[in-house]
Structure formats: structure tokens, C-alpha cells
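What follows is chain A paired twice: with chain B in the first complex and chain C in the second.
Moving on to the complex of A and B:
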């Protein structure tokens, strides 16, 4: 019996060995390199990074934009997932197509489409003036708001689908039971429906947040070089400045945030899973 | 149903319909711009024309990028499907410690910053002396496609009744044959879904690829961004519209064969 089980475990070897060599090992080497100088172990690069006010501003902006993007996506995705779970026939098709079809439009073209919309003479400004909401064009391109809207648009399906997966399997009897026991709509939502759907919310939010802290193409097309993000700093130090130690340090900082998100969200998902 | 319920339901529908419009907006803009007669992106276009579709013929650099990206996406997805199937069987059926950890590890590249993975691979490949851009790109793209495949296959295999494999073996099939003839066909929707998402993720990857390309091997997103910086005319919109049309055909095929909902949920 053990022999057969061991043979099955061996099937995981090719894939795991691949990821160990072509993914985990390079990342570990990057981390090692960022604390290594000619003289040996040193945190000097990190001290220099965190001592620079400009870097701290970029770090803060990156986190803020990612958090706002996640919140906006969640606010749109949560009700949408519920409507999708009740939708039938052609309506369901419309929702599903809207989730998947935009993925065929590359992120470069999508971000560019948003930059067209946000231009001073772009569609949004022209419409606003036509309705009479503003007289002069509103400056939208190059702003953080534009970036958050564009990013939420790109990541939205990755927020909706995990929540939809959970809502679809939600036992309709539970909210109904709460009602028959005299629960009002608010009590029922906050004490029954929301806790049951939280695993989907955590999965979608973690995924959206980790993609948003590391996005590069969307900010470079919507806000440009004026408002850097961590990813843009990394790209700049490697591709233009040729400053590899700096690039490695920023990469390590970004990696640390991403690993924290993964560990924290999977811990949270396990706890929520244990409760239900 | 109370008054409050009705209000919430109406609000939810408004948000959901807004969501659909919001998601489809970039597609409408791109398709509208592709039929524009103007060399700059103005909406709505002053006049309609097919000139940017005709101009695609001359953009040989773009076509090279399309071919390279399709090639990378196809080969890396195929390799991931094989590696992913084996690893998923081990995690689902194996009886050893650390199976949870393996699953988390295999899916984790999805949540790692692409640029950081790209930088790490660049330094690693330089260290081991790998200079070939195509091989570097392919190795990097498997890191992107494998987690998509693993995520869907792990979920689907958890629901697969493995006693069917045992039945097939009792009837005389070897274990590999039983996997190929029983497991793979019954997980067809999962293969279609994960393959499609992996393929699209590879086609669309910028942050890892940017560090692994050379002058001759530029993938589509890299070429597109460069093109937008140099001459932002609507040829790109025309080409993207072509790719959207292709995606619609794939979706129609998927909806006909396995059903859209099953396809999207794996």
C-alpha cells in the first residue's frame, strides 16, 4: 500500500521541481543578493531605501492606490455576484461574457483605452460639458482617481468570480430560516449572508490587492512618470538607471508585501472556513 | 419580501448592470477607434473607415510579436497542462504530509509581483549562462501558466470520483491509460477553462517578459506598449478587435460544448 502512495506522490515532482528551480530559487537569490555586499551581510541598502522620503512617498502611494482599487472593485463586485447568482438564461450569459471577454483585450490596450477616455478632450469630459455639469474640461488623466478607476476595471473579474463561486453555493435556506426566526433584513445580511460569503470576499480582495500593488502597465499609461509606483521604480532602476542593487532592494520590499498578503489571506480564509 | 429587500434588490441590479457596462467600455472604445478614419484616437470617430485594418498588413513587427506570443502561450499552456495534471493527481490522491503547502506553493506565482519574478529570472538566467531569449521567455511563461492550471484542476479533481479509475484498472487498463481515458475526458471543462485562462495570461504578460526579451524576440504586449509610445495610431485598435473576434469565437465554441457557466467556474 505504501509503495503505491509513494508512487502517486512522485507525480508532483516534475511540476514542483520546475517551480522550485525556475521560480522559488531565483526569488531567494534575489533576496540574498539584496542583503549582500562585498564585505558580507548588510542591511545598508534597506536603511538607505527607508531613509529616503521620496521612496516612502512612493511606497505609501502604491499601498493607497491598491487599497482604493480593491475597495472600489469590491463595492461593485459584491452586489453583482448576488445578481449573477440569481440571473438566468440570456442575463447570465451577458454577465459571464462581460467577465471573460475583456480578458481577451490585453492590459496595454485596456489601459490605453482608459487614457483616451480620461483625456481633456476625451469622451467623459465632452459628455460632462454637454450635460452641463462642468464648463471647463476636468483634469482626469494623470490623477490617482483615474488610475484607481482604470485598475479596478482591469481587476474586476478577479473580484467578482470568487465571490460568485461562493454565493452560488450559498444555501438559500439559511437566510430564509433567519427570516422565519424573525430576523430583519439588516440582521440577516450582517449575521448570516455576509459571514457565509466572506471566504469569497477574502480570496477576491487578496488577489486584487496583490495584483494592484504590483501593476506596472496601467499606471505608466494612465498617470505616467510623474507619479511613480514601486513597480515603476523597479523597472526604472533596472531598465534605465542600470542600478541593480537599488532595484533588488525595492523588489525585495514589494515581494515582502506580496508574501504578507498571501500568508495573511490564507490564514484568514482558513479561520473563516473553520467557522462556517 | 419586505420593502427593504426590494430596494436592495433594485440597487443590486443597477450596480450589476453598471458593472457590465463598465467592464465592456474598453472593448467598445477599442472597436470604435479601429473603424475610425482619423489617425488619432477621437471618440466618436469623425468618419468611419477600414484603413487601419488595411494598414495592419504593413506592420510586420506587430505580426512577428503576435506569432511569438501565440507560440509562447500555446507551448507554455501545453506543458503546464501536463505538469499540472500530474501534480494535481498527487495532491488529490496522495497520502503524504504537506499537500496543502504544495497546493499553496503551486498557485502562489499568481499573487507574486510580476516585475519581481521577472527581475529574479533575469538575474538567475544570467547566473547560469542562459542567453537564448525564446527559451528564457518560455521558462518564464510556464511560471505564469502553471498556477492557473493548478488552481482549476485542483478544484475539479477534488470532486472527481476516483473509484472510476479503479474500475477502469479492474477492467484491464494500466494506471496511466486509465488517467488518460477516464480522468482527462471527464475533466474536459476544467482543461478548457484553465487552458483558456492560462493562454490569455501568457498572451497578456508584460512584467515578466520585459526582462527576458531581446531585440528580435518581443512579445505582443511589449511591442504594443512600444508602438503606443512611438506612433499611437489606431492600427493597434484594429488588431485588438481581431483578437476580440477570436475570443468571441472561442467563447461561442465553449458555450456550445461545455456551457458558459461550467466553463467559467471550471
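Moving on to the complex of A and C:
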């Protein structure tokens, strides 16, 4: 039995070797560059990065935008997942296609489309003025609000699909049992439905946050150079400043945040799974 | 396993075949490249229109070369050359003078010589740099692009700072070569000195640039997006834009024009160079020779409203009368540019 399991495990070798060569090795080389100086090992680049107030502002903006993007995507995705879970036949197909099809569209195209919508004479401003909510165009392009809306749109499927997968398996008898025991809608939602769907929420949030924190094209097109994010700093360091140690250091900081999010969300999902 | 053996495929022969296939696959690009008439050219993203319409078909006919080009910023081209120094894949690069200086310092270029590129003898003397390390092929001029629906012209660079233009201006980042023009103008306006002296007044330039912030909608690194906003009327002025981009759009009927403000305009330093150790060196030299020859010079200069570098060619842009044209100390720019980019980004950040 043991020998058989080992042989099956060998099937993972090509995949692991591929990841080691294409992903792990360059990553290690990148990390090495962040601690390598002419004198040897040094954390000077990290000290310099965290000592610069501008870098801290960029780091804070990156975290804030990723968090707001995740929250907005969650607010839209959670009810959407419930509607999808109740849809049947052609309607379910329509919902799934609506979720999956935009993923085949390039991020550049989507970000550019949003930059058109956010213009002074774009659809949103024209609609606001037509409804009478505003008298003159509201400045939306090159604002953080625009970035959060645009990013939430791009990453929405990655939030909806994990929640949908959990909601679909939800035992509908449980909320009904709560009703039969006299539970009101709020009590039912916060004490029955929400805890049961939290693993999907955690998984979707981890996906969305990880992608939002490292996005490059969307902020480049929607907010431009005056509101840089960590990814934009990395590109600037490598391509324009030609400062590899700085670029490697920022990459390592971004990687550390992403790893923390993945590990923490896995732990949280396991814990919530155990409780429910 | 039994079925595999029946088919005559043993573990050893499978491994041998796989190894040969892997070696063949890895070697294929080198084998194909060695026999190819294909050369890869690095150029600016804004060159795309004339590279596609003029250069690619001409080179196929004149020298039998299949041209692949990668349009991006000069500094990105430099990074590509530096990263692939041991195995270059670019044969020729068209980029700006300050970046050429950095490429020479990094030993990434091979000189252009009259023996291999005879047409370089027809160039203006000031178009050949550092003993032929690179040449200027055409020179667009740069001023202020504006939307003709919202402005009648831009008589002075001071218009960028005018309070009535709040939120109506986009300038290039210093990551882009054309970003230098706004900085030099800020130095002239801030110090009150003539250009020859003002270009070294860096603190005065940054102080004046800071005053521009209320008027800025954005700072761009991707020019096409910023230009699109100008065309759509989202902004009224785009600083530092050049004749090879604005004037062809104007000719197509787009409501834009390029102003030559009274304080002066700038000569864009468009250079061409041979990559050291680049593939197909003879074809690369033939490409450069064609780019400096009469046919290409006239065609590109006319298409891109630029001044040709070949003295035998009478075509291209008409330089505005009565306005000084400046060309800065590029060595000083190359030496300080990284520090300026960092300072500029922090200054302009929201």
C-alpha cells in the first residue's frame, strides 16, 4: 500500500519541478538581491525602505485600497451568490456566464473602460446630472474611489464563486428550523446563515485581497502616477531607477503581506470550518 | 505498463526521446534565429504608427528583413538591453539621447561606422554622437498640445500655471524623456535665467513645479492615455508633447494642435543605435543605413512631422518661426535623472 502511494506521489514531481524552476528559484534570487550588498548580507535596504515616509504612505495606500476593494466586492458578491444559488436552468447559466465571461477580457480593456465611464462627460457623470443629483461633473477619474470601484469590478468573480460554492451546499433546513424555533430574520442571518457561509467569505476575501494588493495595470490606468501603489513602486525601481535592491526589497514586502493573508485566511477557514 | 512494452516503448527509450525532444525544443530558438531574416527593433510606443505603415514594408523590400518591433519607453528598452547583455535579442534600438549615454556607459552599444552604414556621412554633424555610438535620425519638436475646442492657443508656458486652468493640465513624468521639458521650463520661469543657465537650476525647477500641482489632473507615464484625455476634452493642455504625435492627429481631424510658446520649444532627441552582440549584425547595419537614407528619412519626417537628420533630404516638419529651440546638456540629465525621478514622484504625490 505504502509503495503504491509513493508511486502516485511521483506524479506530482513534474509539477513541483516546474514550480521550483519557474517560480521558487527566481523568487529566491529576488529575495537574495534584497539582502545582498557589496559587503555581504545586509538589511540596509529594508531599513531604508521603512525609514522613508513616502514609502510608508504608499504601503498604507496599497493596504487601504486592497481592503476597501475587498469590502466592496464582498458587499456585491454576498447577495449575488445567494441569488445564484437559488437560480435554476437557463438563469443559472446566465449568472455563471456573466461571472466567468468578463474574466476572459483583458484587465487593460476593463480598466480603460472604467476610465471612460469616470470622465467628466462619461456615463456616470452624465447620469448624475440627468437625475439631478449634481449640477456639474464630479471629479471621479484619478481618485481613490474610482480605483476601488474599478478594482472591485475586475475581481468580483473571485469573490462570488467561492461564496456561491459554499451557499449552494447550505442545508436549507437549518434556517427553516431556526424559524420554527422562533428566530427572527436578523438572528437567523447572523447566527445561522452567516457562520455557515464564512468559509466561502474568507476564501473569496483572501483571493480578492491578494490580487488587489498586487494590482499594477488598474491603478496605473485609473489613478496614474500621483497615487502610487507598491506594485507601481516595484516597476519604477526596476525599469526607471534601475535600482534592483530597492525593487527586490519592495517585492519581498509585498510577498510577505500576500503570504500572511494566505496563511491567515487558511487558518481562519479551518477554524471556522471546525466550528460549523 | 504491459501495453507500453507491447508497443515497443521501454522506459529507457521514453527517457531518451524525451531528452532529445527537450534539447531540440530549447535549441530551436537559436537555430531558427541563426537562419532567420528577422530582426527585433526596440523603439518608442509612439513610433508604432510609422513603424507599421512605413518602416516594416520598406525594410522587407529594401533589405529583405522581417521586422519585429517592441514599442515601449526608452528606459525600458535600456533595461531590456542591460538584462540581456550576455545574450541580446534586440539588434537595433531607437531611443532618446540621455538613455543612449547610459547605454554607452553600460557598454551595451557597438559603434555605427561609415563603412557599414554609408548614409551616416550625409547626416548633420550634430546628429552623430560619441564617435558614432548613436545617431539622431529624425527630430520632432516639442511644445504644449492643447484641445482646440477649449483653447485658442498657448502663447506662453505660464498658461500651465494659470489659475483658470486648475485641474485641466497633464504633464509627463520624468520617467519619460519629454517630462524634462516641463522641468526645464519650470527652471527658466522659476529662476528668471536664460535656458543655457536655467537648465542647471534644479531647485528653482522643483519649486516652480510644486506651484503647478493645483492645475494638474494627473502625471502620465503612458502618453497615449493622456493624449486620449486631451482629445476627449477631459483636459485642455498636455505639456511637453511633440510634433510627431500631435500634428498627425491634427491632420486626421482631431481637435488638437501643438503650440510653440514664446519662451521656446525643444528638440526631441530621437537616436538609433546598434546593440553590442545583437543578432544578425549585418542586417542590423543595413536597417540603420536605410533609416538614415533619403527614402526613409523623407517618409518618416513627413509622416511624423519631424526634422530629418540627413542633409540631402528636404521634407518634414516646419519649425515654428521666431521661437528658440533648445537642446539641453544630456550628460547632466543622464547623471542626475534617477535622483530627479525620485524627487519628482514624491513632490507630485497625493
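Just so it is clear, the second predicted complex is superposed on the first by the 275 of 276 C-alpha atoms of A that agree within 3 Å, B and C clash if a C-alpha of one lies under 4 Å from a C-alpha of the other, contacts with A are read in each partner's own complex, and residues count from 1 in each chain.
Heads up, the rule we're going with is that a residue touches a chain if its C-beta (ideal position, glycine included) is under 8 Å from a C-beta of that chain, and two chains touch if they have at least 3 such contacts.
The structure displayed is predicted, hence computed values, not measured ones.
Does the superposition put A:57 against chain B (first), chain C (second), both, or neither?
The second partner, chain C, only.
Contact-wise, after the overlay, does A:236 reach chain B, chain C, both or neither (first, second, both, neither)?
second
Just to be sure I read the superposition right, which of the two partners does A:247 touch: chain B = first, chain C = second, or both, or neither?
first
Which holds for A:36: it touches chain B only (first), chain C only (second), both, or neither?
After superposition on chain A, A:36 lies in contact with neither partner.
Name the contact category of A:94: first (chain B only), second (chain C only), both, or neither.
Touch partner of A:94: chain B, not chain C.
Determine, under the contact definition given at the top, whether A:226 touches first (chain B), second (chain C), both, or neither.
The second partner, chain C, only.
Answer with first, second, both or neither: which of chain B and chain C does A:193 touch in the superposed model?
Once the two structures are laid over each other on A, A:193 reaches no partner at all.
Which of the two, chain B or chain C, is in touch with more residues of chain A?
Of chain B and chain C, more residues of chain A lie in contact with B.
Can you pull the chain A residues that chain B and chain C both touch?
In chain A, positions 112, 121, 220-221, 238-239 sit in both the chain B and chain C interfaces.
Using the touch definition from the top, list the residues of chain B that touch chain A in their complex.
Against chain A, the touching part of chain B is residues 2, 4-5, 8, 11-13, 15-16, 18-20, 22-27, 29-30, 33, 41-43, 83-84, 86-87, 89-91, 93-96, 102, 104-106, 108-117, 119-124, 127, 139-140, 142-143, 146, 150, 197, 200, 203-204, 206-207, 210-211, 220-221, 224-225, 228, 232, 236-237, 240, 243-244, 246-248, 251, 255, 260-261, 264-265.
So in the complex, which bits of chain C are touching chain A?
So the residues of chain C touching chain A come out as 73, 75-76, 78-79, 82, 167, 173, 175, 216-222, 225, 229, 232-234, 338, 341-342, 345-346, 348-350.
For the complex, give me every residue of chain A touching chain B.
Going through chain A, the ones touching chain B are 5-6, 8-12, 14-16, 18-19, 22-27, 29-30, 33, 76-77, 79-80, 82-84, 92-110, 112-114, 116-117, 121-123, 153, 156-157, 160-161, 165, 168, 184-186, 206-207, 210-211, 213-214, 216-217, 220-221, 231, 234-235, 238-239, 244, 247-248, 251, 254-255, 258, 261-262, 266.
Contact residues on chain A for chain C in the complex?
54, 57, 112, 115, 119-121, 139, 141-142, 220-221, 224-228, 236, 238-243
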